[in-house]
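As written, the chain order gives the labels A, B, C, D and E, with residue 1 at the start of each chain.
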Amino acid sequence: MQEVTEKKEFTPNIVAFCCNWCSYAGADLAGSSRLTYPANVKIIRVPCSCRVNPTFVLKAFQQGADGVILCGCHPGDCHYVTGNYYTRRRMALLFSFLNYMGIEKERTRVEWVSAAEGAKFSEVMNDFVKTVTALGENKRLTDLRVKEGK
Amino acid sequence: MQRIGVFICWCGSNIAATVDVKKVAETIKAEPGVVFSDNYQYMCSENGQQLIKNAIKEHNLTGIVVGACSPRMHEATFRKAAEAAGLNPYMVEIANIREHCSWIHKDMDEATEKAIVLVRTAIAKVKLNAPLTAGESPVEKRALVIGGGIAGIQAALDIADAGFQVDIVEKNATIGGRMAQLDKTFPTLDCSACILTPKMVDCAQHENIDILSYSEVEEVKGFVGNFNVKIRRKARFVDETKCTGCKICMEKCPSKKGLNEFNMNLDTRPAIHIPFAQAIPNVAVIDSTQCIKFKTGKCGICQKFCEAGAIDYEQKDTFIERKYGAIVVATGFKPIALDNFNEFGYADNKDVITSLELERLMNAAGPTNGVLLRPSDGEHPKVVTFIQCVGSRDTSGCGKPYCSKICCMYTAKHAMMIREKYPDTEVHVFYIDIRTPGKNYDEFYRRAVEQYDVDYIKGMVGKVYNENGKLMVQGSNLIDNEQVTIASDLVVLATAIEPEPSVRKIATLLTASIDTNNFLTESHAKLRPVESPTAGVYLAGVCQGPKDIPETVSQASACAAKVIGLLAKSKLKTNPCVATPDEAMCNGCSQCANVCAYGAITYVEKEFRLGGGKTEVRRVASVNPAVCQGCGACTVTCPSGAMDLRGFSSKQIMSEVEAICKK
Amino acid sequence: MRDIELKMIERAKALLESGEVARVVGWKKGEFYFDPMPAVFETVEELNDFVYNSFCGANLSKYLIKVSKNPGKTAIFLKPCDSFSLNQLFKEHRVIRENIYVIAIECQGKLSVEKMKKLGVSAITEVNENGEEIVVSSLYGETKFSRDEVLLGKCETCKSKVHQVKDEEIILREMQAGKKDRFEDVEKLEAMSEEERFTFWREQLSKCIRCNACRNVCPACSCMKCVFDNPASGIAAKANDDKFEEQLFHIIRAFHVAGRCTDCGECSRVCPQGIPLHLLNRKFIKDIDGLYGEYQAGETAEGKTPLTSYNEEDGEPSDVFKGEEK
Amino acid sequence: MTREERLENISTLSGTDVKKCMKCGKCSGRCPAFKEMDIKPHQFVSLLAQGKLEKLLECEAIWSCLSCMACVERCPRGVAPAAVVEAVRDTVVRMQGKNGIKAEDIPPIVDELIPQQLLVSAYRKYNK
Amino acid sequence: MLRIAKEKLNALYAKINESMGLFIPVKRAGEVNYEIWKEGKEVSLETLKTVKSPKNMFFPSTENMMKFKTEGKALEIVDVRDEKKPFVLFGVKACDYKAIEVLDKVFLADPVDTFYQARREATTIVTLACSRPEESCFCGVFGIDATSPLGDATSWLDESYLYVQANTEKGEALIALIKEFVEEGGDAEVKAQQEKTTEILKKLPFAQLDLSRFKPENLNELFEAPQWEELSEACLGCGTCTFVCPTCQCFDIRDFKTHDGVIRYRCWDSCMYSDFTLMAHGNSRTTQMQRFRQRFMHKLVYYPSQNDGLYSCVGCGRCVNKCPQNLNIVKVIKTLGGKKND
């Protein structure tokens, strides 16, 4: 019984990498349209989704993030012409690999959100938070030392 | 030791209503490295900026964090303020506590807590910022206008008048665009050609304008101030420099059954033709898919009769490459295809026509010489029914979700013109809503109702069917809660408009973003409505969103002003946030160059000291900072991490990650 | 095998004597029959210690990065699998083709002493090869193995017996590729649940002592300075006792070589703890093949790798999980 | 079931979002049974949107709607007026208790000339 | 001599585990290493060589030393030591036991490494005699008798029994703890095993290695020996030899950033690594040859010259087995050691 209530209280820590031109602007639009999503989503601005190194994703998990989401321009609309095409390959392979290592596939996600898709941004974040919340705390890919409170 | 200053903005109540700004500023004071933290109602205001400037000077700040609106709004503002106070502008970071926090969260505690984390994250980043200096790049004093419609013409004329060279690239054989096809223009009912053609002539005669008709943009390289554009000049099989526009070839051409695109295919034209009387350039073009010479190898009549000797069947597409400092996109629109709307019987009934077809039927230079005759039998229609919103405001997937904006006005115009010219004609208009914002617009529409007795029916048409040669238009009259069926002779569909499809390719070439409806995205919906997010690319006309002629012309002139402002500069500051390799760690493996979309990375052989007096020559990457756009694709490809991105270094991003994850 | 060895020595001699090459990279005798070491031979005399037998499993191509910087041409003996690695090094400009003379050599699959020991043999004093039969003498008696029983793991799934680059060849007998499907083990893991996979890798990686043998032997890991040794990278680490460090190291390493790994299998061969590291790299290879079309790193010395190219029609990252809903 | 629940139920049964309606009337413009209906297709949508349950339940039009789905097909906003009609019909039928026709009752009364579609729609209508 | 029936061993481990920790060879995913015993783990005393040596017990591959806790701008140092728990280290082979002596001379010499010391004092060592040495073993060269190691207690293993004998008070105490499992007997069996093993040890291929030239007075000559270049040619610079070695004792001290401060920890380091003892000016040893030479010179010359001739190699042969490219100390000894090797 107690476990159930504990699970309910769990709020995941979500790191969202957003490209400056589309998704960050999409997040801005979600803001100016007052489309809410949970406060535990925190955005890091990168020039392009292709700037996101797998190391950053792992770093986030190491530091105790429960979910990592990458948002970029829709394929074909990359401000830097081809950046997100590389992102698409890199992250497809990385996420498949993480899952192969036993990391829950729902913890990682890539979404294409244009500057005009504030509503989509908010929907995506709400859905991702919901998914990760259902999954519970990230235990398989975290460095326990970071949380050491001794 | 870092000395960080933190400035929390209230943005009036925009932030302060959901984020306890004072608490944020107070809590942040305890952060290592923070020596100053304050809050203010409007940081972006004169006083707010002064507060920042004073704090930088008084506290010898080495970096500042502004907790405010999106960096897309005011990053530049605060960088300027920092610079004015003697701090490198790149030692500024913005924590977006408005769009990403106060505006989306309702709970004060939650939002405040998040704001603190966002500010901490910005502090973590700014601590690793390095002062950066923008480089400079020259500006090519020439502009490219893509599209020769009224938007392109206006932009080109304005830029050219300011003394800069402009090239207009038009894919059709003449400039003029959609406006050239229109009969009258609302709300003044001026003759469209009468006001457009003089501008076309101005273009042709302007010493600073070069019209590249029948041409398309093939490739765009470079960046603001330094675009390198490859243009395909399609073979028109007529030497543009020789053709005098005498039209003898058109008379003599034996193949006269080509559909006349200019008249919306309502009549025919010869294989060799000049699109319309006032075409600019007034030069013929051969439709090689229709021409007998091209199909059978025999004929050659036009060549025989051309006194100027302008006909050249051997002509091939040629390419020219030119450098431009700025690009204006004005690719315009087309009416949507009506394949999804068989309820209106467009495909089955010749007398169901689109509004643009009606423009040609009403136009003195059109297929009927301006006499309104129905296409099926050439009879004068006695009952004309207009249907509005055909394909507009349609979220079912058949049409377009947006309002096409111009249909209410032109339908009123059409209705009025028919009633004016043929008072014996009965005119009905089915409408959902009438949208007439604009100077003298509603008055115009009311004239149709009040003065010209046009029958406006609120309701939509459910189907149009042919019964004994009559077009039965069945729709609802919502005011009377009736279903009505109007036996009509001509049905005019106010068809939705969409961006000219070629805009997709152009958007890709220019790396300009495009929305789900293929409209080009402007940099900011309100404050930068004519700029594309790609620096140096500007948007005019319907390619950016539905609009009428006055709006298009205003936007085109606004583009011109932006372009002139850009070209007037002798140098541009380049983005200092570019990739830089650490040569000592570079393997020279070429992976980074493989992913660079701009060709900014080359390799050089360099000598390195190994210690003990030994040296080694190694192949290492070298980045051209003027060409690099700072996307960072190369940084991830580099396994040794030798390639990093200034302003968004791996360490900076990782420190942001750490700060966010800290619980 | 001996006949090939003699031919190799003969060619090495000729090349050194004629001055055509300044050095030859091959193997030299160890303390036993089964412990030859990679070696660089610069004189004819040194060739007295030259050896080539079924225990020459080491991939020599990576040595060329360093060795070929010396003046003169370097000759190297390459097994088919090693030739993929060298091609990849050519592609990445780590070795210059003109400086190398490649002698393609026969390989009938290499053997593993570890495997023999795991099968119960210890105190080995001698190994005799009789074609398919391997006779092992030890202080505790004699044991016979079939070649397949004691084949190195990487040779069981040998992907090709075709040399990808060569200037000449010493091949006397027909060679056969591996009998086991390369992706069989990857597929087995894929068929497991997330939980099972996690447990599998946890068990395996918890053995890791972070000796870096896998990295240092890997021809694709040829960075001037590895991110894990570079304090500026933000992920430098030496310790391996925390589970995350092991994961991080192996994930990043696998990602860095993704699309470049030729699947030479050296990582697993050298791991002192017997971790099947090749299954990490092979997952990337399998995914790349499946998502972006068959690709074999090292097949060519030019062109882009799957991660430095793209196709507009590529699938979405979420697509990789489609069709495996459990 | 309370009034609100009933309205909610109709909305759920219809599976359509009446708020999407832009009041163009195309549904009624296309409706072949328009004249037979005391409440027109667009009014079904409008009444449901306004929560006028009684008007919906009292109407006769639910029996004259042909369930031809022309209104659904033509709606530019993806609203399905016929589905609302059907939902109201279901509600009415259910409130009456089970009194619909059974499949086996049909053959004796079937006229060969009755179009198949009518049979199907009749069956939909009367067998809830 | 006491003996314990093999089938009782699991119960015995459980008994020990009630009052102290037990560090013992355990098979995990196909390899045997020392681990903390837990019910259900697969103990493998039969394995001749664990991959890692038992030095982990006293000198763990990673060990937290202290923690800096930050709150805002305040800093606090937190003690995180936890190395005083009593442990039994079970199944240590003669070579590995000798290696502990080598480590003691480093960690227990002034200044004493109190982490090491505390663990060392809290641990009871039970050694296990070898009965099936292999070709890479050469402990005899360093005067070690693999058939009768010391420690707090010594044990022998055959098909049916584990034989035990206490050597110290700690050993006695341990036997008292497990008295319910032991019975008298086994002298003859142990003796027979020892004799048999001794015969095999004599026949081992490396039994006769000559170390005679590895003397402090030959330091310069050995250092300058031209053969190092060839010996190290194939070295990958990995740390396998170091990390499987029972006597290697180098470590690095690093900081790890946590959510509320920094953990300062030490972890094994290897002189084979290019960033070993990295200093502001760079590395003291810039080539792999220098690093390779350092390791073997340390084992065979530097260490003995400071420790009364005690070599810091114990002939366990792990590096012989595990070097990816088959380089090893035996090849060094044979090349540079002395006349007998020629």
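We take it that a residue touches a chain if its C-beta (ideal position, glycine included) is under 8 Å from a C-beta of that chain, and two chains touch if they have at least 3 such contacts.
Since the structure is predicted, the reported quantities are computational estimates derived from the model, not experimental observations.
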Going from chain B to chain C via touching chains takes a minimum number of steps equal to 1
Contact-linked chain groups that survive once chain C is dropped from view: one piece
Between chain B and chain E, the fewest steps along chains that touch one another: 1
When I count C-beta pairs in contact, which pair ends up with more: A-B or A-C? A-B
With centres defined as the mean of C-alpha atoms, identify the chain lying farthest from chain E. D
Of the chains present, which has its C-alpha mean closest to the combined C-alpha mean? A
How far is the middle of chain B from the middle of chain D, if each middle is the mean of its Cα atoms, in Å? 45
Cα-centroid distance, chain C relative to chain D, in whole angstrom: 71
Taking each chain's centre as the mean of its CA atoms, how far is chain C from chain E in angstrom? 30
Could you pull out the residues of chain E that touch at least 2 other chains? 257, 259-260
Send over the residues of chain C in touch with two or more other chains. 227, 233-234, 242, 307-308
Could you tell me which residues belong to chain B and also touch two or more other chains? 595, 637, 650, 654, 658, 661-663
Touch graph across the chains, line, ring, star, complete or other? other
Among the chains present, which pairs are found to touch? A-B, A-C, A-E, B-C, B-D, B-E, C-E
For the complex, which residues does chain C have touching chain B? 69, 92-94, 221-227, 230, 232-234, 256-257, 304-305, 307-309
As the complex stands, chain C meets chain A at residues 186, 189-190, 194-202, 227, 233-235, 242-245, 247-248, 251-252, 254-255, 258, 280, 283-284, 287-288, 291-292, 306-308, 310-312, 314-321
Can you list the residues on chain A that touch chain B in the complex? 13, 15, 20-22, 24-25, 27-32, 34-37, 39-40, 42-48, 50-56, 59-60, 63-65, 73, 76-83, 86, 90, 114-116, 122, 146-147
Within the complex, chain B is touched by chain D residues 20, 22-31, 34-35, 40, 42-43, 70, 74-78
Show which residues of chain C lie in contact with chain E when the two form their complex. 30-32, 35-40, 58, 63, 117-118, 122-125, 138-140, 203-204, 206-207, 209-213, 215-217, 229, 237-242, 266, 269-270, 272-275
